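In the two complexes that follow, chain A is the common piece, with chain B as its partner first and chain C second.
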Partner chain A sequence: MSCLMTTYVARSKQVAARMLGGEMMIMSPRDTTLFNLNDVGSVIWESADGQTPLDDIVARLCVEFDVAPEVARQDAETFIQELAEHGIMHVSDQPIGAEPPRQEPS
Partner chain B sequence: MTLTATHELAIDIGGMPILVRTDSAEFAALLEDRYGSFIHAPSSGRIFTLDIDLIPPRTIVEDEDVSVRLESGRWIMTRGDFRAEFDPRTGHGWVRQSPNPYSIDGVLRILHSLFLAREGGFLVHAASAVRNGRAFLFAGVSGAGKTTLSRLAPPDVEVLTDEISYVRPSESGYVAFGTPFAGELARIGANLRAPLAALYLLVQGPENRIEPVDPAEAARAVLRNILFFAHDEELVGEVFKSVFDFVARVPVKRLIFTPDARVWELIV
Partner chain C sequence: MNVLMEEMNRRALALNIPLGAQLDVTYRCNERCIHCYLDHDDHGEMTFDEMKDVLDQLADAGTLFLTLSGGEVFMRMDFFRILEYARKLSFCIKIKTNAFMIREKEADLIRDSDVSSVQVSIYSHRPEVHDAITLLPRSLERSVRGIRLMQERGVKVIIANVLMRQNMADYEGVRALAKSLGVESTIDPTITPKMDGDRAILGLGIGGQELRDVMHNADLVGNVDEFCATPPPVGDEDLDTVPCSASHTYCYISPYGDVFPCVQFPLPTGNVRKQKFLDIWRYSPQMNDVRSIRPRELPVCSSCSHIGTCTRCPGLAYMQGDMRGPSVQDCEKSYARTGIPSANMKLRFAATGGHPVEGQQIVNLVQIQ
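Moving on to the complex of A and B:
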């Protein structure tokens, strides 16, 4: 992900996610890898609507978790990269069609 | 494929009979011996069919992973020792394998995992047993103690399986069915069904006790033990959803146990 262009991230609509006991769990339908999201991951996941620039998501992380922007960006990019490799997050330099989360009621 | 099917056996697991047809009397006898009380007379109701195409034994690629994929509406199932196809629209399929009980057993596990995924149920690595009309599951990977616990079951307990449990939702909760899918016990389970009372996560320890498990850990543990083979994004999502529904409705606890028959005093 380049720092020079605006990046957008979006949850895959193929992914099922559940919040249970305060913990967000998502599974890659492609390879059944299960991800347990921590608080930072949950905020990124919830914010990944395809319309919100990554810069805005990073800014939200800085405020909510009191971390430096470069740390927040590094964490976010690592997280997004991993989810993207499993086909459960899409990354683009253009806004991505909005996809409502498929989170089931816990 | 056209086969001269002279021997038919309905293998009824989880209330879903599959009529297996073979032209080999020896293989039919092998199936009767292998599946015992799970073999019923062919019924006239809705039934799936599998034609067995026996081929000579050959060198089996032991480490070849199972592959299950949907192609043109048919499930294609392959492993080192078999190739099979099943069309869910017609309820008919075939298996090409050598005369051995392990290949057809693998195909049956795959088919039932597919059937159950559509119904909110699943196959799970767990022993299960019925006591006082209620079923209990004991989940764990190999070595966790599924077979040990099954061996220690007292006479009033009916073991449904020591290896792979069969779970399906019902109006009032979940029902566990016996399966012929045996582990080290090498004995098929009782062909029974009973409402599911609890699932225990097995951990061997110095004493017998039960601990609570938080819902997220319960879901993770059940997901880890699910048997699902198909590369199918929609069905994977269905199984994921089913597991969360399951842990919301069935008590999941940790059973720490020492290999001693007294552990069964806790299972009531």
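Moving on to the complex of A and C:
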């Protein structure tokens, strides 16, 4: 991911996902690999609608978790890279189509 | 079960979230399996819009694992619309089908729907046995074709085989068939009474000696010594644990909107046509009654040496008359596994002066009504 161009990230439509106790649980149906995202990861996941630039997601992380922009950026890129390697997050320099996230049960 | 899955179940249990659910989209079926517990007439299935509403409610309630079953799911002309809608809600979906109606087009659509697995019922590798159980000519041929089409497309297929007297000799053949098709297979010796309470089909179940043979088959159970070991001393943890997922993290919804604790537990708890799903899940007295069951309070089973290792099904016990009573079929399994009679069996033997007989169907000895 380059810091010089606008990056967009989108959740894969192929995965199963649900918010459980404040943390996002994600399962790849094909190989049943299960991922448990912490609160930072959950915010990135929910924000990864394919339309929101990564810069805006990083800015949200800075506000919600009171972290420096460079730290938030580094963490977000590492996280997104890992999910992308498992095929459950898509990365592009163009906006990507995606489904809206589900809300946690009230 | 991996650590993360255990943690997810633990969290769902603590938060009272129905992590898993089975939704039967129809009870209609093209087969007439001799052991089936369902009435296949349509008594007013939910419409597509009602199904959508139920799926929305399950997703909002936190359900992740969804099984779509029947009846035969493909008897519904709108099944793929239901499946597509469910996938948009990010469920992890398993389909149960007999695969009879799966041709290239259906196999393509299943592949494109990213379901986690498709379970197909196969009772024998021999058409004369399988078709005599389904009562549908050429059903084995058609089902195997459906499996092959899905497997070729990378869909994970699991063959499920229910053991009965009719097909007891063929389970190795079914396993070999599964291997030749490149798919997994499971077997289950449990015959479930009909939903209307008719228990006559239990007579199709395999006998005690056959059950013992299955339980001691290393190809099926792995380490026989471990699987069939004498149960360890019962501890407080065994007596205070949650006995199964029914009503704790799992529930079942019929094609008519009735909500039950489990597919094998026909205790009505509410109907989504009249109530919100979460209101039923959280506040139904019946659901909470099931939720309150702990082994310690079970009048017979609490004194049983098998209580820590038994697969006791409260739904089967309910169908025998008391959800807090013994599940005779699970008593049979514990006995077949270890050779040690359950507390329930000992009571019956004491009352009748009988004793377990090798090769005899134990259910006839210990039936409680």
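Methods note: the second predicted complex is superposed on the first by the 98 of 106 C-alpha atoms of A that agree within 3 Å, B and C clash if a C-alpha of one lies under 4 Å from a C-alpha of the other, contacts with A are read in each partner's own complex, and residues count from 1 in each chain.
As a working rule, a residue touches a chain if its C-beta (ideal position, glycine included) is under 8 Å from a C-beta of that chain, and two chains touch if they have at least 3 such contacts.
Small disclaimer: the values here were computed from a predicted structure and weren't measured.
Trainee: For the three-chain arrangement built by superposition, which of chain B and chain C touches the greater number of chain A residues?
Mentor: More residues of chain A are touched by C.
Trainee: Just to be sure I read the superposition right, which of the two partners does A:L34 touch: chain B = first, chain C = second, or both, or neither?
Mentor: After superposition on chain A, A:L34 lies in contact with both partners, chain B and chain C.
Trainee: Using the superposition on chain A described above, determine whether A:A84 touches chain B (first), chain C (second), both, or neither.
Mentor: neither
Trainee: Looking at the overlay, does A:L20 come into contact with chain B only (first), chain C only (second), both, or neither?
Mentor: A:L20 contacts both chain B and chain C.
Trainee: Across the two complexes, find the residues of chain A that touch chain B and also touch chain C.
Mentor: Shared contact residues on chain A (touching chain B in one complex, chain C in the other): 14-16, 18, 20-21, 25, 27, 29-30, 32, 34, 36, 102, 104, 106.
Trainee: Can you list the residues on chain A that touch chain B in the complex?
Mentor: Those in contact with chain B are residues 14-16, 18, 20-23, 25, 27, 29-30, 32, 34, 36, 102, 104, 106.
Trainee: Which residues of chain C touch chain A in their complex?
Mentor: Those in contact with chain A are residues 2, 4-5, 7-8, 11-12, 14-15, 17, 19, 59-65, 87-93, 114-116, 154, 156, 278.
Trainee: Name, in rising order, each residue of chain A that touches chain C in their complex.
Mentor: 13-21, 25, 27, 29-30, 32, 34-36, 99, 102-106
Trainee: Quick check: in the complex, which residue numbers of chain B touch chain A?
Mentor: The contact residues of chain B facing chain A are 214-216, 219-220, 223-224, 228, 231, 233-234, 236-237, 240-241, 244, 247-248.
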